[in-house]
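Next, two complexes with chain A in common: one pairs it with chain B, the other with chain C.
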Partner chain A sequence: MDSNHRDVCNRICSFGVVATAIDDWIYSDTADFVIWKFESGLKPKMASETITSSEYIRHHLQNLTFGQHHDGSWGLAHNAQEAADMGFWAINVDTMGMSIVLGLLMAWFFRRVAKKVEAGVPSGAQNFAEWIIDFINDSVRGSFSGQNNMVAPLAFTIFIWIFLMNLMDLLPIDLVPEAAKWTGTNMFGMDPHSVFFKVVPTTDPNATFGMAFGVFALVLYYSVKMKGLGGFIGELTLQPFGKWGMPFNIFLEGVGLIAKPISLALRLFGNMYAGEMIFILIAIMYGAGLILGSFGGLLQIGWAIFHILIITLQAFIFMTLTIVYLDMAHQEHH
Partner chain B sequence: MEQALLYIAGSLMMGLGALGAAVGIGILGGRFLEGAARQPELIPMLRTQFFIVMGLVDAVPMIAVGLAMYILFAVA
Partner chain C sequence: MNLNATIIGQMIAFALFVAFCMKYVWPPIMAALDERKKKIADGLAAAERGRHEQELAEKRAQQVIHEAKEQANEIISQAQRRGNEIVDESKDNARVEGDRILTSAKAEIEQEANRAKDELRSQVGSVALAGAAKILSREIDDKAHTDLLEELVSRI
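Showing the complex of A and B:
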């Protein structure tokens, strides 16, 4: 049996060491039957599929894109080239779907807790919600000095939503893409090669830039509202060097202003993208035999544990910087 | 030749990113320990700030590692 064949099977159940060990045991000698059964259950149309590792990586980094084709019809892109040709007016269905589902999940959970809130001994869910709200409250009180009732809910939404989106990184890397492939092939009659699915919305720069530009719009709005249009323009043009250094001031402050949303978006995107990339590379190791596979399992567990820190930290940093930027927008310079 | 250049580019990205992050986090951790030794009662506050700044420092080399991995395994 070639290693690529096993590769594909192993990836379907990339749970880590246990799965790898079991797979290697199953596939060791009389395994062709098992593989046939396994693959025929999951993807009947591509039972003897082999893919190279760079194809695997590219497949995992491709979004499911909906847009207008060259011939004018609307539909899903079948490969990366078609997705790129759709240009600006295309939508990444997986990013939108996952982020909206997670947003609704968040809203549903906290609404449910809020409706059943009680002053006596709180339930587990209420304790959990209060703990998060206390944490956000402390953060906002620590960094925000103005008067605005919108900042704390905004910080709360950003933190929980980004955390949930990042959390999708900890799902086994092939779980949702293979489920999507199965659904697309069996229910919609799609070609299994053209069913892409990126589970982590924050590995898509569109999502992170969308959030960062949302925050940026609020920063501009509150800058103008608090300082007046003149005050805001004055802050941009007159600041470090007085009115005779105006061109230099505009350049300096303009770069500082534009850098805010871009660094906010790229930091989150870059961290999640790199983390996802490393998970993909670890998943490739499962196809390389028992020893490398077990080592890959250990690596996956280690990286997943470290990643719990990263995803929380990145959500927290996005939230903290949002609060700090809004605080700067509220502060008047004299 | 192009392949070799891609590998060199990837290794440079990872190496230089790691270098900068190592210096940055080294200084950061050292100062954190200094501060914690001087005023142990501030440790919780310092730890929070430490993790925030560590996240900021850590982000750039992490991005470099991700892009380098992409270049090494998907492009090259």
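Showing the complex of A and C:
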């Protein structure tokens, strides 16, 4: 258990470090230097003017943020600095919008199936939905030993929702942002440079942390409910070294507990962010002439095919770990 | 890459979607799956039962056929016996009837013969008498000779 926690912790740290490192690198001068090598040929078109590769990358990594400006007015951030200055009370409109649209899509599709569901011979959509639900139900039964009617629908929602959000990664990388830019420029009169749009909500840590904290709240709730407050605190303080090792126990178990949501969130975020990054880098090659562009096309196909595996796997891992954490919360061990 | 209130929005959206799936999606589909599982199990059990029943029915049918054959055999032998009896009875009846007819015919014949004899007798007497009367009309005493003839007639 504890070696497992440490292992998880190590992985979180590495993911966190990797994600932060990529981010820092993008905004650093080194990135500009490395990307400078491509500059001559690599100039993707944005609107009617040419922009540099690093601008292109930065543009793709910036959320469309709504919040309060320095001067007290509310509105969308025009650049990364403004978005950062908005502080905590700001909303990433693209993340929220995409995730809610995809969530509604999920709800609509499965509700439609659930309304018409019949125990006879299933057909079409019902067959498909049953295949997924059966698969998730088997996973839950395999990993979750307690009695709780909430876990299976929770796992189902997590899997489908995250899969759909990850799936946006397979859309051509400029498709939705360009559409958003067109809409923003022509319908809202915005500056094309300030219409940011990140299509993949799971590349925004807010989305992954939101879900992970949701799961964490359930873990805490069920830990207290099943073991009692005393039992839960006892689990945190009296293991593994008995009451005389209490400070160390608290530290170890506390890290193990905190590691759960953070590892969940950062694993998903790190994987999707890195995948998105590679798509962006491949997209830059399209501006570099026919040969490099064709090579980029091949790379993109290859990476997209590989990415089908990643997006499914990440959704599955998030779901499975949620089930496992909730199972641990339900188990009493003295 | 900024952590901001989106995290709260995502938590709320997440909770709502989970609640929706928990209430409106998962239970009906699971219920249908369970129902189908039950239906299939019932169907298999029914098939098993049907097979068992068929076996029993076959066994019973065999038994019934066997019994029917035995009964048929019995009926046939009875019928044969009865047929023989009827034939024997008819033969007896025929013989008795024949005898009866024969005796009655004989009696009738005898009666007829007697009647003919009587008639003949009565006529022979008168014919003979007439003839004799013609031959002997003159020299025979009618009275004396009638006695003689009557004696003769009675002797016939």
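The criterion applied here is as follows: the second predicted complex is superposed on the first by the 286 of 334 C-alpha atoms of A that agree within 3 Å, B and C clash if a C-alpha of one lies under 4 Å from a C-alpha of the other, contacts with A are read in each partner's own complex, and residues count from 1 in each chain.
Following the convention adopted for this analysis, contacts are C-beta pairs under 8 Å (C-beta built on N, C-alpha and C of every residue); 3 or more make two chains touch, one makes a residue touch a chain.
All values reported here derive from a predicted model rather than from experimental measurement.
Engineer: After the match on chain A, would you call chain B and chain C a fit or a clash?
Structural biologist: Once chain A is superposed (C-alpha atoms), there is room for both chain B and chain C without a clash.
Engineer: So, does A:Leu266 touch the first partner chain B, the second partner chain C, both, or neither?
Structural biologist: Once the two structures are laid over each other on A, A:Leu266 reaches chain B alone.
Engineer: Is A:Thr157 contacted by the first partner chain B, the second partner chain C, both or neither?
Structural biologist: A:Thr157 contacts chain C only, not chain B.
Engineer: Could you say whether A:Ile57 touches chain B, chain C, both of them, or neither, answering first, second, both or neither?
Structural biologist: In the superposition, A:Ile57 contacts chain B only.
Engineer: With both complexes overlaid on chain A, does A:Asn79 touch chain B (first), chain C (second), both or neither?
Structural biologist: neither
Engineer: For A:Pro205, select first, second, both or neither according to whether it touches chain B, chain C, the two together, or no partner.
Structural biologist: second
Engineer: For A:Leu281, decide between first (touching chain B), second (touching chain C), both and neither.
Structural biologist: Once the two structures are laid over each other on A, A:Leu281 reaches chain B alone.
Engineer: For A:Phe316 in the superposed arrangement: first (chain B), second (chain C), both or neither?
Structural biologist: First partner only, chain B.
Engineer: Taking the superposition as given, does A:Thr237 touch the first partner, chain B, the second, chain C, both, or neither?
Structural biologist: neither
Engineer: Mind telling me which of the two, chain B or chain C, contacts the most residues of chain A?
Structural biologist: C
Engineer: Rounded to the nearest angstrom, what is the minimum C-alpha distance from chain B to chain C in the superposition?
Structural biologist: So the smallest C-alpha gap separating chain B from chain C comes to 12 Å.
Engineer: Across the two complexes, find the residues of chain A that touch chain B and also touch chain C.
Structural biologist: Residues 61 of chain A touch both chain B and chain C.
Engineer: For the complex, which residues does chain C have touching chain A?
Structural biologist: Spelled out, the residues of chain C in touch with chain A are 1-11, 13-18, 20-22, 24-26, 28-33, 35-36, 39.
Engineer: Which of the residues in chain A come into contact with chain B in the complex?
Structural biologist: Going through chain A, the ones touching chain B are 53-54, 57-58, 61, 266-267, 270-271, 273-278, 281, 284, 310, 313-314, 316-317, 320.
Engineer: Write out the stretch or stretches of chain A touching chain C in their complex.
Structural biologist: 23, 61, 63, 65, 67, 83-84, 86-92, 95-96, 99-100, 103, 106-107, 110-111, 113-115, 117-120, 129-130, 133-134, 137, 149-150, 152-154, 156-158, 161, 201, 204-207, 209-211, 213-214
Engineer: Which positions of chain B touch chain A when the two form their complex?
Structural biologist: Residues of chain B touching chain A: 51-52, 54-56, 58-60, 62-63, 65-67, 69-70, 73-75.
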